[in-house]
């Protein structure tokens, strides 16, 4: 199965208005920058981006373009805002969140990781202690009043747990270091972060890779994301960016 | 509790942030697996060289190494504060699910977090400052660490830049967790959360228990072994 | 349904097991990720050389290779039937959690399983034979595959060695799953599970629809395109 | 942190009567044979072995010794019996199950894998579709009548799911290929199977490894089980066995 497509444009060709798209990356690290720029270029609108830890903070140039193009409906993240309040006030995304024109739903990072894992593994819902004792236990945390749905809790043993649900995106845009033509992927160091789990969670997974190789170059024990999860592979230049969110 | 009553009357000269971090490091036993939050906790990493302490970073790394700069920086190797670091002999990389399995499943011995406010019951607020005027904030991995780490320490300044105490009777900021903090390290004092209230164990050099009480809302229990913070 | 009525009167010469496996292989589209159960399904692996079909093994491998024997056998490289195999270019190894994430999460296109009994609603029994006299049995990964694979095929003999039909009105053996089977391949026929009942699509060379009906409890719907099984 | 102990005897020294012990291995492959033999030698009794897929079928010599020593109270597995009924009748373990002197609790393999993962990740319970439409949906499947507890189900969307609980063993006995002195482990090919997840699930994890190396020999990207999960490491000769369960 040769899953290589020839351009990032072709790779995102079927991403439609209103799509729910998983965006990995931990701040600057492991963000699928080439695919995200292709999304900007394509101009699809009404998008929901489901993140893990601040790729839109780490790749603020892309965030800015998406906001200024009016492409975003909603972002789900654990760390969606700049830490600095003064920098946040100048950020188009935060401005849109303040204006209520983009929804920001905030969740604990591990709960997000687990919700993707649940979607990948056919688990509709699970119980977690994370968030008990905070507002996360009571409701969905979002800037849009109407969407603050109540949460369900249950006691097991002597402790209280929150019921959390699988989060299954339509697409995942992945950044990998090496990918073979069949879709087996490996990652470089901490650029792995949310990439693998999002690849397993989405209905359609599109991987930009720095090096495309023939099957067999990646040894069976070195594959991190097995090919079954990956639908398209496209070459992307090694991205360049400053390692900072300040 | 109105804003006015929270203002402390006198400001004391306390420890610099680096020394708070040093004091926390002394409370971490050899053989511990530890996660350090953003802010003062991150500075603890400067004090553990040569010690048998392993640091975990949420983004997917165990045994994180020191910061690196310039040409040595690798864009694919950062810590959870988005700083370039290096790996060590015995380090490992893993994905976010494994990372939060460690954190949520009770495998991390100690998490050290910063805080905006803390009370005598060990509740703390750290993820959202209402003064920013937003109903949302950055939770990151903080609530996961609160739920999963075996022990939770807070390392922070005792008062805000505006002179308000952060050690309060009731949290006015959104809670991160309830009842999980065991030790509080500030520039002025070391306090232990006990079932009877906050136990004042150590004070910064030159300060008295009365000084600490004057910038602390909850009534402190003074340890019979009260002493100066030692390093 | 008593034991007696399940006995078929005539036994027909059907396809050998290898040819059932060949027929199933023809129903697997190029580009499929497939898991093969123990028994006749395992034999399908002999018929896919040169085809663009990837086999998954529950114990933690994708793109399993052919069986190996003697000195080439590696005790650390087996398939889910505990046979030494080899890897291929593009194979991957992973742990059991990843393996069942694939299986349970809907990532496997087709699972082909053996069965002890099947009915016209697509329910099947395969994990415990009550004749063994035990309330427990070997479930293995069968129920996971039933829950998670996008399509479920059954490959089996039409009747038991004792001459009882395995295509029954009501299961008398413990169910593995309900309503998930879409196609049934036996030594005598190919049948499709439809909302109206079992559709007889193909018969083994030399047999008629009446022959198949005589060894099948549910009333068969005869396809207008009924034909001999082709290879 | 040097976690190396000098013998398998020392490695299992604190395993007590009544312990719940995770035993990995898929039939013959990846079974911690040296540690299990140490358990036989130690003679602790009333043990519950929680397995995944038939290590006691694959290592029937060890199973036989444990049964004949009267050490087993209960086994949890997805594949605990020989496939062949005639071979089963001659097997001491199956005989004890038939006599009701050892309990055998049977579960779908993926449900077991997920129950270990849940224990590892602090998840007390989760919902799964596996087993719906079978007796697994209704009760715990075991040869001991009194222990056939009812299961709980719930509908999400249009489908029914079973509530399954975390399975947290007291000890896990792990077989790894390479382990460093700090407890980082890697595995060989399909010998990985249940080893990693059991290492993460147990309160105390003891690893027999074929090669002990210094920290740094295993590269950070090649570690499969990070050291935090591993409490003891002991050298064990590469095991020899026939690759068959017949």
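We call the chains A, B, C and D, going by the order they appear; numbering starts again at 1 in every chain.
Methods note: a contact is a pair of C-beta atoms (placed from the backbone, for glycine too) under 8 Å apart; a residue touches a chain by one contact, two chains touch by 3 or more.
Predicted model, so just to flag it, every value in this text is computed and none were measured.
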| item | value |
| --- | --- |
| Of all other chains, the one whose Cα centre sits farthest from subunit D | B |
| For subunit C paired with subunit D, centre-to-centre distance based on mean C-alpha positions, whole Å | 28 |
| Where subunit A and subunit C are represented by their mean Cα positions, the distance between them in whole Å | 38 |
| Where subunit C touches two or more other chains, by residue | 61, 87, 93-94, 100, 104, 147-148 |
| Numbers and ranges of subunit D residues touching at least 2 other chains | 114, 117, 121-123, 128-130, 189, 220-221 |
| Which chain pairs touch, all of them | A-B, A-C, A-D, B-D, C-D |
| List of subunit B residues in touch with subunit D within their complex | 31, 33, 52, 54, 56, 61-63, 87-94, 98, 100-102, 104-108, 147-148 |
| Interfacial residue positions of subunit A with respect to subunit C in the complex | 1, 117, 119-123, 180, 182, 184, 200, 214-216, 218, 220-221, 223, 226-229 |
| Touching residues (chain side subunit D, partner subunit C) in the complex | 26-30, 52-54, 58, 78-81, 83, 85, 88, 94, 97-98, 104-111, 113-114, 116-117, 128-136, 141-143, 177, 188-197, 224, 239-241, 243-245 |
| Subunit D contact footprint on subunit A (complex, rising order) | 114, 118, 121-130, 156-157, 159, 161, 189, 220-221 |
| Subunit D partner contacts - residues on subunit C that touch it in the complex | 38, 57-61, 73-78, 80, 82-84, 87, 93-97, 99-100, 103-104, 123, 127, 129, 131-144, 146-148, 174-180 |
